[in-house]
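One chain, subunit A, appears in both complexes that follow, with subunit B as partner in the first and subunit C in the second.
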Partner chain A sequence: MSGSLLQLEQVEVSFRSGKSWKQVTYDVSFDIAPGETVALVGESGSGKSVTAMSILDLLPAGTRRSGRILFAGEDLVAADESRLRQIRGSDVAVIFQEPMTALNPVYTIGDHLLEAIRSHADVPKEVARTRAVELLRQVHMPDPETKIDHYPHQLSGGQRQRAMIAMAMSCEPKLLIADEPTTALDVTVQAEILDLIVELQRRTGMAVLIITHDMGVVADVADRVVVMREGRVVESQPVRSLFNTPEADYTRELLEAVPRLGSHADVAAPPPPGEPVLSLQDVAIEYAGAWRKAGFRAAEGIDLDIAPGEIIGLVGESGSGKSTIGRAAMGLLPVAAGRLTVGGRDVSAGGRTDLHHIRRHVSMVFQDPASSLNPRRTIGQSITDPLLWTQGVRSRAERRRRAAELLDMVRLPGAWVDRYPHELSGGQRQRIGIARALATKPALMVADEPTSALDVSVQASVLELFTQLQQELGFSSLFISHDLSVVESLASRVVVLRQGHIVEQGPTLEVLRSPREDYTRALIAAAPVPDPDVQAERRARRAELVG
Partner chain B sequence: MLPERLRAAMTPLRWVAFGYVVAVLVVVVAAPVFAPHDPLQQDVSLRLLPPGTEGYLLGTDELGRDILSRLMYGARVELLIALGATLLAMVLGTLVGLAGGYFGGLVEVLTMRVGVDVLLAFPPIILALLAVTLRGPGAGTLIIAMGVLFAPTFARITYGQTISVKRLEYVEAATAFGAPTTTRMFQVVLPNVSAPIIVQFSLTIANAVLLESGLSYLGLGVVPPTPSWGSMVAQGQRYLATEPHALLVPGAVIVLTILAFGLLGDALRQWLDPKSRSAR
Partner chain C sequence: MLGYILRRVAVGIGLVYLVLTLIFLALHLVPGDPALLLLSQGDGASATPEAVERVREQLGLNQPLLVQYWDFLSGVVTGDLGQSFRTSQDVAAAIGERLPRTLELVGLATLIAVVLGIPWGAWAARRGGLVDSTTTTLTSIGVALPVFVFGSVLILFFSLKLAWLPAGGFASMGEDPGRHLQLLVLPAIALAVGFTSVIARMTRSAVQEMLHADWVRTARSLGLSRRRVFRRYVLRNSLNPVVTVIGLGVGTLLGSTVLVERVFNYPGLSSLLVDAVTARDYPVVQGVVITIAVLFIAINIVVDVIYGVLDPRVRR
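So, the complex of A and B:
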């Protein structure tokens, strides 16, 4: 192991809780060779971020590290704060998940870069600025001379992440720690950022430690993979053998839980046509502007029909208008033009009785179960409130009985009616969200990214539950997602959106296997596949196209 | 066993404050039992006795009335007014802030801008003077005047919390599942904005005690001879040079009471604020 750049030996991290210490990672050991990319993989709570942040002691106050962290032969556990400060940003650089919160909003990109450059090299401002522009060019920031004077909020998410990477590269680090660097980004942007990291690595020979929960990203960039679970390293293998012959049961489960695009031969067949449950004809949706200002048209010219018992997948990147359409179907946003029909009734006007009609027939599952449940109400109350509100079920005993029934339907113990949302896990909370959406026995369920806040293994079980319930109860669904493979596993038809317009729609197989539009093709090509060979091939193809 | 957060919030000093407030409340309820004398009983032969005199633990005032008994009865008036005014302020302010924050637009302009901001532009004492001039002095006037005076603070807090809470997904979820507007406001938003309101409640009581004392000191509070802490200070002031206890004793009680409520407010804030968990 003498050739390794970074070596962790039995690293354990504990957080202080009150007077005692709570240990969060146990006996974590792995190493990174110069120029190598190691992926640290795990679900939430696995200790992957804590481990990565412990390397430079970027953990919150009240944290204790033990074991040995050798960086180029020097023990970073024993190093004092001033030495760590020297290493941070010079030998080891870090980029974070959400560049908007990692960049200080009152300083320009140039200020950030100059600060980073001049903190490690004593150079005049002008020289540093030239260097900053050069760095931005290296990270392929479009128009770097102008962008250097922009504030973080003026850049797109991908550009912000490029700026963060430029800062990290400013002192030519030997190791780059990337904590979920693409999680907050759209797939097409994610692919570009990953390409950039790989390119910089080839040019500078730095090592990369990438923390991610996404097996597709792992397959794309990693040389070796360290899988963590509940604070322990479960296994550590080169990437190909990990995907082909995983040793630990947990890794196998994790890989199986990842939905794979193109692996579903038996896509749900479209149900027999009937009178559509939901129908949009040339619908436009606007967000009201400030006083005397024009509103923002988030969707336009939307034509869409959902037959009884059908699941339609609505896919698109952020800003495509997919959630907007879902919210309009729920009556949460008014229709600016066109016709919105629910269960044969034109509700475009959005009057009181129209809304009442919508709420009796349509329900919704929200993206983040942690924020879509009222923290001050028990889950029993939360899931049966819709009954009180739309059907006037006043009897408490009756609602309690229904709550237990609904919990049973989503495979949770009926005795949990009196628990509060914070007592449940993310997956359990989303089951509650589904139970609430079932309470009124809706004809249509709008599901807005119901699994994107969940870990993959949890996502798999929630999707399975959703499919079972749909088959049992026969409701239609407008399933909104950015994840093509999730949509493929559920929907019989797919609608692809871009910037408020429908790009393409049709049967799932047709759209996802033989897309007609370039944009759909780009979307499919950008989605990382959890298979290192496929990813390597794709990367080679992309490189050919570029160079 | 207290919950951990509450235990962390209760420092020894705050426990003392808690004990003091409980003692004051007990005295308020049972003043006739504890008070050694009739607070209105005058005996000029016993005027201005120093504290520690047999039978008059805290001494007597310039009319020979027992200061301890007057303090006890004064606490009744004091807390009745402070609590009444604070409750009124809380109800008024919360309703106004909730409506302004929830509906926005014209309602916001009418409630927060026209109502609250205009009210805040006047000095409190001037407004209280106005109320007393219009209605005449007395406990009822004070409760209403101070209630209106303190309402803007509650309104601002509620307003700020409401606009951040109403954007949360569970409020949208309630809308999506057909909850009527009143339900959304009072059952969904209100419980989630209540913590800072409760904290403000205890801090406002402290302010109310102070303002009530101030107004009574100026002769705008309760009508003599009903004992009140502020008017006791005012009367004692004349004998400051020779018999300072007539001023110092009620003054000390006012300070202690305000301090105690303030400390309890801090404790409440720390206990109810979920972010305080990481702070130590």
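So, the complex of A and C:
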């Protein structure tokens, strides 16, 4: 295509490993027209980020690029470092996933912006500062004159990403590369940031290459989609036809694995009433403050009952207190006020025997399976440690036998008891996490974002396993998630949290289909749906509202 | 920031008070008569009653404990640290004479260590390969090498063989500035070897870590030059742990220059301390320990403040 702004031709990237080279992407070709938005999607390890970073050679040292990357007709693979430097930040700008670590903590937002502005234009500091405030205003940073002197840690995640975008916009780039720009953000903030990118694009006519794993985001902003898997381009299509008639099997599987809000007509039936397994009455939870300072009250006035065999979805954005409640239910945080009852026993005091009681009845699955398993213990040991601690099962042979049984329950070969976590994939590790939580045959399982760190296809299979086990074994669960569609797929009741308070709770269908509270409505509206038509409609409606 | 500094200073003053109390109690909580204890020579021979009485008088041991405590504290605050048993010299004056020499020595050693150590470590981390592995080996040797060995080697080459610098001794700045500085060079180098190695190692590992920080990629994406990226986004961020190590190192050097002072026959604070310990000259020992403790705390306050300047997240 002659009209393209950026054209990748058979781009291949290799990393050096020891003396040899390990190729990570193969024959990647696609192009971007001026003003167009192309989404590069794929699961972890697909090579999408590597491909995007190879455009400006922002890869770590010890990386080799081959093929041709034509930007406005100029080959960036052949270009030398000084030419690349001229293009970086001026013609092509980049924003990154984690705005906290992508900004240098020792410099203010203003320092960063000045650096961006003055790297390509020789302007005096005062002029650059005026321009920096102007840029912050353009990205709708609240109170830009003050925020310019703030350090990254003093801003919220969304504000940090706005600052990052302001830096990227400083030289009015022709192409913006956005590497998972909203992955680390809450859904409502994600929606705002995506709106901002679309708005800036309309105004400046820049092209956008957005790298994402989220099909909802793709449907929302992309004109065209390039799907990658294991270092290769699987298919490349305009967004509508990709969602309607995917060509590759992989794309079809990927789209099917995405949980969709509102697609579950038959939500789990509420279980027969019985004495609640877990009951919170007007509970408040505090994090202790520093010496002679007041603690931080992370949750307050929480009323919540979980019946035997019931799955309750606890949803909310970061800082809403959902993990705090999960930890308190596990006895990991003390209850500052109110009554916490586990299996009919009041454990609010959190004494030694209370904790022992909790640990016999409640277990927990953590978010990140990689860091929640001890890398130096075999998975067999990790799974059966709870048996040793809470039930005093001392016999090694007995524990080994139980470990094999548990592995079998989570559909992993029983012979794997002697393997170590690093030999397993992310999804397998999370199965281990679930097996460990099953070891004590708990009445209640607290699952804290158990699938957030997993790819969608893996997430689907882990959720399926979770549901099957729950039906077989009949445990109750407090399922914590930021993803409404995941919660919809398995919970019979939903509790919506915001800033440590319960906003709304009720049967899943009622809350998610006809929410009573504005906040719940906003949360549902912000969650991107993997359907371009629905997203276009929503965007149009939002634009109307804004005026 | 000002509040942060004031808080650090307040904590420092509290610490000094704590240290003073501990030092005071150290003498008085030992079982038995402190005067006897101080006078006993370890050979079983007991001191004469007159001598014991004299020591009691001198240390005020015949007064109630609280009075002694108050006298001790007010003495320290007003700079009165008592008199030496041996020479009857005023302890504060003796320290006042020795302290600047040691500070000079430690200061020069620190300067050498910082000026060499930081660039060396940064270079090793950036270049990698042979430079890096050589650095690791050399700094291991540098850390392990005893100062008296290295100091003797220095004397052997630069004083005895080459005769470039004097082998040891001391000349005051006022009388003979040239010789004063000449005499300072070798001991400072001997002292700086280990310190340089520690700083270089710390810088190396900090820089290596920072090279992979996300913000380095951000800086590159802005089109900044490699040099600017390294200076402002790698080295600048690597300094925090290095400053901590420098602070600790200076504090440690203050109390441990004795070997160097012995090798180079340099009359500093450490030699005063060691001589006093050997001679059981209690007031001098106490005075020197207090001085070193106060300096150590002061250095830590300075390090904390620098830390606050370097890292905005610490200022709270």
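By definition in this document, the second predicted complex is superposed on the first by the 547 of 547 C-alpha atoms of A that agree within 3 Å, B and C clash if a C-alpha of one lies under 4 Å from a C-alpha of the other, contacts with A are read in each partner's own complex, and residues count from 1 in each chain.
Rule of thumb we're sticking to: a contact is a pair of C-beta atoms (placed from the backbone, for glycine too) under 8 Å apart; a residue touches a chain by one contact, two chains touch by 3 or more.
What you see is a predicted model; the values in this text were computed from it and never measured.
Chemist: Following the overlay on subunit A, give me a clash-or-fit verdict for subunit B and subunit C.
Modeler: After superposition on subunit A, subunit B vs subunit C: fit, no clash.
Chemist: First (subunit B), second (subunit C), both or neither: which does A:372 touch?
Modeler: In the superposition, A:372 contacts subunit B only.
Chemist: For the overlay on chain A, what angle lies at subunit A between subunit B and subunit C, C-alpha centres, nearest 10°?
Modeler: Roughly 30 degrees separate the directions to subunit B and subunit C.
Chemist: Looking at the overlay, what does A:202 touch: subunit B (first), subunit C (second), both, or neither?
Modeler: neither
Chemist: Check the residue A:60 against both partner chains and state whether it touches subunit B (first), subunit C (second), both, or neither.
Modeler: Touch status of A:60: both partners.
Chemist: Thinking of the overlay built on chain A, is A:513 touched by subunit B (first), by subunit C (second), by both, or by neither?
Modeler: neither
Chemist: For A:541, using the defined touch cut-off, is the partner it touches subunit B, subunit C, both, or neither? Pick first, second, both or neither.
Modeler: neither
Chemist: Check the residue A:441 against both partner chains and state whether it touches subunit B (first), subunit C (second), both, or neither.
Modeler: neither
Chemist: Based on the superposed arrangement, let me know which partner A:356 touches: subunit B (first), subunit C (second), both, or neither?
Modeler: Touch status of A:356: first partner only.
Chemist: Looking at the overlay, what does A:364 touch: subunit B (first), subunit C (second), both, or neither?
Modeler: So A:364 only meets subunit B here.
Chemist: Once superposed, minimum distance in angstrom between C-alpha atoms of subunit B and those of subunit C?
Modeler: Least C-alpha distance after superposition: 5 Å.
Chemist: Both subunit B and subunit C touch subunit A; at which residues?
Modeler: On subunit A, the residues that contact subunit B in one structure and subunit C in the other are 60.
Chemist: Which residues of subunit A touch subunit C in their complex?
Modeler: 53, 56, 58, 60, 81, 85-90, 93-94, 96, 98, 101-108, 115-116, 119-120, 151, 153, 164, 167
Chemist: Which residues of subunit C touch subunit A in the complex?
Modeler: So the residues of subunit C in touch with subunit A come to 212-215, 217-226, 232-233, 236-237, 310-313.
Chemist: Note which residues of subunit B are touching subunit A in the complex, please.
Modeler: It comes out as residues 4, 168-170, 172-180, 183, 188, 191-192, 278, 280.
Chemist: Considering only the defined contacts, which subunit A positions touch subunit B in the complex?
Modeler: Interface residues on subunit A, with respect to subunit B: 18, 60, 62, 330-332, 355-356, 359-360, 363-364, 366-368, 371-376, 385-386, 389-390, 436, 439-440.
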